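Below is one structure, written out as structure tokens, with a few remarks after it.
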Amino acid sequence: MNSAGLIVFDALLLLSIVGLAWASLATTDVRRSIILFMALGLVLAVAWGRLLAPDVALAEAAIGAGLSGALLLAAAHGQPSPLPPESTNAPRNHGAAGMGMVLRWAITLLCAALAGTLVWALLHAFSNPQHDMLPRAISANLAASGVSNPVTAVLLNFRAYDTLLELAVLLTAVLGTFALGQATPGYRPAGLVFDGLVRWLVPVLILTAGYLLWAGAHAPGGAFQAGATLAAAGVVLRLAGRTRIGLPVGFMLRMIMAAGVGVFLLVGLTLLLLGRPFLGYPPAWAGSLILMIETAAMFSIAATLLLAFLGGQPESTDVNAVANRQREEDPRC
Amino acid sequence: MLTTQILYALAGCVLLALGVRGALLHASVLLRIVAINIMGAGVFLLLIAVAYRGPGLAADPVPHALVLTGIVVAVSATALALALARRLQVERDDG
Amino acid sequence: MADTPIWLVALPLAGALAALLLPRLATAAAIVTGLLTTVAAGVLLFGVATQGALHYEIGGWTAGLGIMLRADGLSTLLLLMTALVVLAASIYASTYFRKTYERARFWPLWLLLWTSLNALLLSGDLFNIYVTLELLGLSAVALASLGGKRAAVEAALRYLLVGLLGSMLFLAGVGLIYAGYGTLDLTVLARVLEPGPVAWPALALMSSGLLLKTALFPLHFWLPPAHASAPAPVSAVLSALVVKAAFYLVLRLWLDVFANVITPASANLLGLLGAGAVLWGSWQALRAERLKLLAAYSTVAQLGYLFLFFPLLLALPAGPDRDLAAGGLAMLALTHGFAKAGLFLAIGIIQQRCGHDTIRELDGTAQHLPATTFAIALAGVALVGLPPSGAFLGKWQLLAGAVDTGQWWWLVVTVAGSLLAAAYIFRVLGHAFGHRPYPNQPVTVAREEWPALLLSAMAALVLGLAGAPVWGLLEIST
Amino acid sequence: MNWDAWLPVLVVASSLLPGLVIFFLREGNHRMRTLLNLAGAVLKLVLVSSMIWGVFHEHVYESRWTLAPGLELVLHADTLSVLFVTLSTVLWLVTTIYAIGYLENAPHRSRFFGFFSLCVSATVGLALAGNLFTFVIFYELLTLATYPLVAHRGTSEAVRGARIYLAYTLGGGMLLLIGTVWLYVLAGPTAFVEGGILGTLPADYHPQLKMIFLLLIVGLGVKAALVPLHGWLPQAMVAPAPVSALLHAVAVVKAGAFGIVRVVYDVYGVNFADQLGLLTGLGIAAAITIVYGSVMALFQDNLKKRLAYSTVSQVSYIALGTAILGPIGTIGGVVHLVHQGIMKITLFFTAGNYAETLGIHKVSEMNGVGRRMPATTLAFSIAALGMIGVPPVAGFVSKWYLGLGAMEAGMAVWVMPVLIASSVLNAAYFLPVLYRAWFREPGTAWPAEHIPAARFETNAALLWPPVVTAMLALATGLFAAAPYSPLEWATLIAHREYGL
Amino acid sequence: MNIFLLILAWLLPLVLVPLAGQRYASRITVIAPLPALLAASMVPVGSSVSLPWLLLGMELGLDDTGRVFLFFSGLLWLVASLYAAGSQAGDSKATRFRIFFLLAMAGNLGLIVAMDAISFYLGFTLMGLAVYGLIAHPASQHARQAARRYLVWTIAGEMLLFVAVVMLAAQHNGIASFSILQSSPPGGFVMLLFLTGFGIKLALPGLHLWLPQAYAVTPIPAVAVLSGAMIKAGLLGWLRFLPPGDAVLVNWGQVLLVTGITGICFGAIAGLLQHTPRLLLGYSSISKMGVLTTGMGAALAWPETAQVMIVAVVMYAAHHAMVKGALFLGLGLVERNGLSPWVQAGLVFLAFALAGAPLTSGAFAKSVLTASLPQGAQYLVLLLAVSAFATTLLMARFLFLVWRQGSSKASPLPAESRIAWLILLAIIAVFPFVIAEAGQLMANAMPVLLGMLLSALVLLAAGRFPVQATSRTHRRVTGGLVLRCRFLTRDLLCRGALVVETVRSALRNHYARVQQSVEQLVLPLSRASDADISWQLAGGLWLLIAGLLLTGLILSI
């Protein structure tokens, strides 16, 4: 592509990004908004590709567009459309309406100012020579990182601590979801066509996941993309109305959920006990350790995302069942 | 100074602002969550634009890694928010 | 010794996994983890006190390429406070949650929260801070929603959305910084940052994100419902530590990292908002009908005091006076942490024993639950800032700073806030002394009441009487 | 640390520790409680005695503890503190005995005695405070320790009284705190030094120092019940009698007055304060209070309320003495610290006796009570006469020195009329009470006779404390010139303050 | 021994106070004044005791003046105690009476031996307040009123004295010993205070308003010592505090002279108008105190003859004390036992003595007084003669009133009382012969004779034209004034209270109104809870704060 074509492409891409975002936010129809948001995710994935960020593009396609959209759609499922305003009990009168108008405009203006400020700041930042110290340091140390894909190196070696905590975030989210109680049972089963699709889509997805995981070391891909793909397989199954979607129950499930963080932590602490820094892989072992961590992380991510999609703990795994006795009443004041 | 970088960063800023506006003005919880996601997308766009070094040049991997982490964090938060929203709906329906 | 910082993160995280995997042993795992982590915090404090600030490069990568944990005087103090408060709250929680499934849900999240707090306090990297903030936010929200009631869920949802908005703005600021300076390491940034079109918006974005999370007036609207509807141990930690963590970040950014970017005008704005928080929070606490709401609004007010220090610290020239004021700030934050945690635990006991926490119907509580009432009184002393609490020393430095820099208006705010605080605390205590048919067998359940008592006593007595080392520790910075 | 450094701490701890232990005693364990109380009180008395001896021989008893850089908790025994400590200790012992009798079979005794001991610890700490910072700490602690005592009865009236008390004292405490902080910023740690420390500050600080003085005095004036800051005092009389006794005689009110003395003499230095023109204002405030309190007392039928207003009036004698420049006025003010305490505690004890024994709460119910309760009424009479200033009761000595001091300072023109007006008014509200008690025929029945007359007119524990304190009031006046008497001690204080 | 007697003189009555409720208390009371009498007779003049640890340093001593005072006071107290042992025997509240009696005794005797201002003031106050108990002793409306009035005056007097003593001591560096105080005369204002303060006790005209009613109600033994011994404390005060012989005080002497003369005349005239013997004796005391005042005035006005004059005044005081005391005791006998002939005889003798008839103590006292008068004051001789004349008339009327007064005879007095009276009579009759020269005993015959003559005429006339009991002048004049004063004070007080209350309620209303309006103003604010803050508003604020922060950062002020 020549540069003029590129500019047109960029322009179209940016216009569609902004337009989709605008459209997605302008509507009050939740489902419509979500679908537009998913579309935005796909366009963004293209944009990442355009900006030479294939790892992000893959993740965005799988998670940002795919899974987030699926989650949102699932949540929108039971909801009336459009939703009633959240605070129905708030007093509303004409004065308040006038105030509301003023407020809308004030917020809009302030948001515009926010954008303007950011642009101003970025223009200033970009006007200085680029800081290449960090990329150079990364390429210098890439050999010792155990992987050849610099993004994976950053994710799982240089800034592995971030990733560890990120997995913890994921775990927290799903535990939080569990804490809210039982999964909402039953989705509307899809049609027969979809059912047919499922038969070949799921194996493909699983294979893709495996590839992404393996490729992550040297090419775009990695545990997150792989985990998300794996989760997508589960989502597809679930959408097809399958009750058994490959998730274990009970202790095994908890093991899988904990595996990502657990293995990560285990590796880190083992190294620590061996006299190395926490997560300071010996260069010779780095590749294998990263792959090990990534594998565990993939399963965890997949299970977690799937559970998040299910919106709670699947039945019969709930520890609710363990004890349902009433708390003994205390002498009251 | 790269035009592409600036343009995409600008789009990121716009997305961020749009997201903030949406998150503040929408009454529906789900729409707010969508808006926050769009906000996140704007920030990610900004970061990726910062990483961009021009055609043919390797981009800065650090922001890429950050965005990857950010995406997962965002989806986690979204999942929890949705679970809460659903639970709230159940409570409302019951009450 | 040098590894202690990472243990402080790893231990609770491991504990969380253990609690998740073994639901039946969750409580035991949590308590053991709690004890170990507290010991680690103590060791860290000892290390920092004897060897100066500790740095830990994770993975052995130099700062900038990798992530560095840093423990200086301030963060170590807050880490120790976190450890003690969480440990006490854990002991209380082990009796608060009685059903196994409740425990299974509670403990992993609880320990994850602790992990995030420790990680946040130790973090030396901007993006890592973002991740810890999210971990903190999500675990806090998940815990806050454990109440399961509609009010709790509604508050938790709002809390989450607010937290996300704040984090996103924070992240945008991080992006700006990276765009402008190409690094995320705080120590490096502190060296290279200079006032300009990059640093200003970045600081504004990050600060406003954090201000939202730390519930500074008038951005506090989400806090009272969330803190008031969460289970008692959770409320304790939310009020005592979680908002404080965001405040810690503001402090770090303003005083360390962006030290040469900030201006008197901006600091005065923070002070002004702090003043608003002090007055409005105290006023709302005075009007609150429920104890928990009172405590939550008191948190809003107490955070306001912390922000009053900003204009003073900026106006004082670097030197002993400034160090004294900074120590006062830390002392106030520490005292509030202990006191508020103690207060919430005590309220939890009242709520469980009396079935409600309506202030007007608390007559005779003192007769029924003497130790609990005493805990509330001790915590109240610390919240009002009466001697011998640590808050008294903190407020002393606040007042001294205000006098020293000629900023009289903060003095008026402080005094008004303290009087309002006394009013709302003694409104509760007055009821506690009220008449109730006597005799009424006093109830004392040591395991429930000791944590609250110890926390309150820590705030009202120990910090005030043996708090002098705090100033020495604060001198140790990176 | 050696003995000299430990002694002040021990003096404080001898009531603090028993108090803390008492909190944890079971309600029914009254023998242990009594033992602890009395042991603490006696031990304190012994310790204080040795302190008196030491201070007289110019020993330095001082304990220091750093709370924050530059902020030290200093307990230091000088002549003035020893005077107040002794007063507190002796009266605490007596009041404890009284309280044991008063609260027999009443609920919440552990709580009561616990806070009671804390209250005394705070008072003693305040007396021993070696700098303004320490003083403020104990000042606030005193507020805290007394609040539960005022609210003790738990009636809505008591809770309300306690609330008002708290509102006033905490507000005053805040002003005091501001003043202290301000002074700290100007002059560094303000240790109490005989003769004051501020005189050396440059002249351009003087306007600020005046402001600070105002803040300090207003802050202290709340507890010292200077008009118009006295509103809490008549409300706080809802407290049980031993509490009122302690509040009015030793702890709260006296703490404020003691603080005024400290600020004028040991912070500003009386000559410097005079040089700044601050004494006149203080004196006028005290004078107004003296007259106002007496006038208000005239209109009270409730006995305790009448006594409360009497306190408002009498305590300002101390402030008045402080405002009078010159050693003699100082003696008058300082010695009244003790004298008023002894006399007022007697009055509140006896008022409590009337209420507990016969259910008498009002002056109008006191007809002929002297025949039913002669010893109590005699104690009341002695104390009341002392308040009027009748020799040889202690009050006369105070008035004598105040008058002489005023003459010496050339302030007699307005001090004398105030003294006279106050004495006349005192007579006007006390003598009718005495008349009723001794000369009127008793009515057919007492309002509510709780304790029948047996061997004594009332319980021995209730009877002896007021008798003892009344004798003390008589003795301090009668043997005013004897060695170690309050007057001699006050003279010693004045001599050291003025460097004579 | 001397020292002990000086201390015991006032200590013994105090020590006996706790025994006042015992069974034999009335007998024990009698021994209370004995040490004082012993001291008066045995302790050499000029001896002194210093008790530096007592009060503010107590000094006791005995000088000539003190000795005379101690003698007649001790005697009176002794007699009165003995009398009281009989008269109060049936009193249900005798204990209370004895307590106040002993307290007053201790005060009276104490102030006589006191050699410093504070001890004197102590005794004076103790006496003053204890007398209140004696006056208020009869549980009657009258007694209460009289006692209250007495108290008001006494306290006023004590206050004045307090100020005076303090100011005087301040002139001498706070030292209160008489030996120092008398070294220089007090200033004008202090002088005025002393004159008024002691003047109240001495019942100077205008300051006497407490006296008549008090005499009317007080039990007899008490009123005997009151009128005899205690009233003289005022004179002793003057003698102690106002050093005679100083030229500075000459003008004050003149003032006293005028006051004294007024007192003589006023007392006599008002006395004649009385219709009860007690009141009459009261006004007679006022008149006689006028004589003492005049003498004191003369001593001050003519410093060169002051010493002589003082001796005369003191002698006169002793005479009056004993006679007036005896008159009251006799009156008591009449009241309780009726008019027995020997009582009548005694009373007549006493009447003569008071009037100053020859061969009585009165004649002796008056002649001493006359003889001491300085050259410039011979006109006072005439005055004294007029006084004697008037006294004669008064005594005549007294006897008339006693004779007319009925007696209940319900509770006749036992022997003790009669013996007591007789002892006193005997001493009065004998002592002039012991110490006086013959010439002195024959003085004063003329005025007394004239008086007797006039009295006889009046008596005859009265027999002819029966007169109604004399009008109640006293009540209308003095009572009216006092009442008016009291009403005025009460009115003022009430009005003050009213004003205070009005202001207070106005403030309260105002406060309530302000509170209301403030509440209305901030109602939206105070009602608004944070739950109502809409998400949008909060968001707007948030962005605004972010913007402000940025502005604050950019505009580095």
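As written, the chain order gives the labels A, B, C, D and E, with residue 1 at the start of each chain.
Note that in this section contacts are C-beta pairs under 8 Å (C-beta built on N, C-alpha and C of every residue); 3 or more make two chains touch, one makes a residue touch a chain.
The model shown is predicted, which means the values in this text are computed figures rather than measured ones.
By number of C-beta pairs in contact, the leading pair of chains is A-B.
The chain with its C-alpha centre at the largest distance from the centre of chain E is A. Put simply, the chain nearest the middle, going by average C-alpha positions, is D. Chain geometry summary: the mean Cα position of chain D and that of chain E are 36 Å apart. Chain B and chain E have Cα centroids separated by 101 Å.
Chain A and chain B have Cα centroids lying 11 Å from one another. Chain A and chain C have centres, each the mean of its CA atoms, that are 29 Å apart. Listed for chain A are residues 86-87, 104, 107, 111, 114, 117-118, 122, 125-126, 130, 132, 134, 138, 159, 162, 166, 169, 172-173, 176, 180-181, each touching two or more other chains. Taken residue by residue, chain B touches two or more other chains at 9, 16, 19-20, 23-25, 27, 29, 33, 42, 46, 50, 62, 66, 69, 73, 76-77, 80, 84-85, 87, whereas all remaining positions touch fewer.
Across the assembly, chain D contributes no residue in contact with two or more other chains.
Chain pairs that touch one another, listed by label: A-B, A-C, A-E, B-C, B-E, C-D, C-E, D-E. Chain contact summary for the complex, chain A toward chain B: residues 6-7, 10-11, 14, 17-18, 21-22, 24-25, 28, 30, 33-34, 37, 40-41, 44, 47-48, 51-53, 55-56, 59-60, 63-64, 67-68, 71-72, 74-76, 78-79, 82-87, 104, 107-108, 111-112, 114-115, 118-119, 122-123, 125-127, 130, 132, 134-135, 138-139, 150-151, 153-155, 159, 162-163, 166, 169-170, 172-174, 176-177, 180-181, 184, 222, 224, 301, 304-305, 308-309, 311-312.
Across the complex, chain C is touched by residues 526, 529-531, 533, 535, 538, 541-543, 545-557 of chain E. Contact residues of chain C toward chain A in the complex are 3, 6, 10, 13-14, 16-17, 20-21, 23, 56-61, 64-67, 98-101, 104-106, 108-109, 112, 115-116, 119, 127-128, 131-132, 134-135, 138-139, 141-142, 145-146, 148, 153, 172, 176, 179-183, 196-198, 200-202, 204-205, 350, 352-355, 364-365, 368-369, 443.
Contact residues of chain C toward chain B in the complex are 127, 130-131, 134, 137-138, 141-142, 145, 149-150, 153-154, 156-157, 160-161, 164-165, 168-169, 171-172, 175, 178-179, 184. The residues of chain B lying in touch with chain E in their complex are 20, 23-25, 27.
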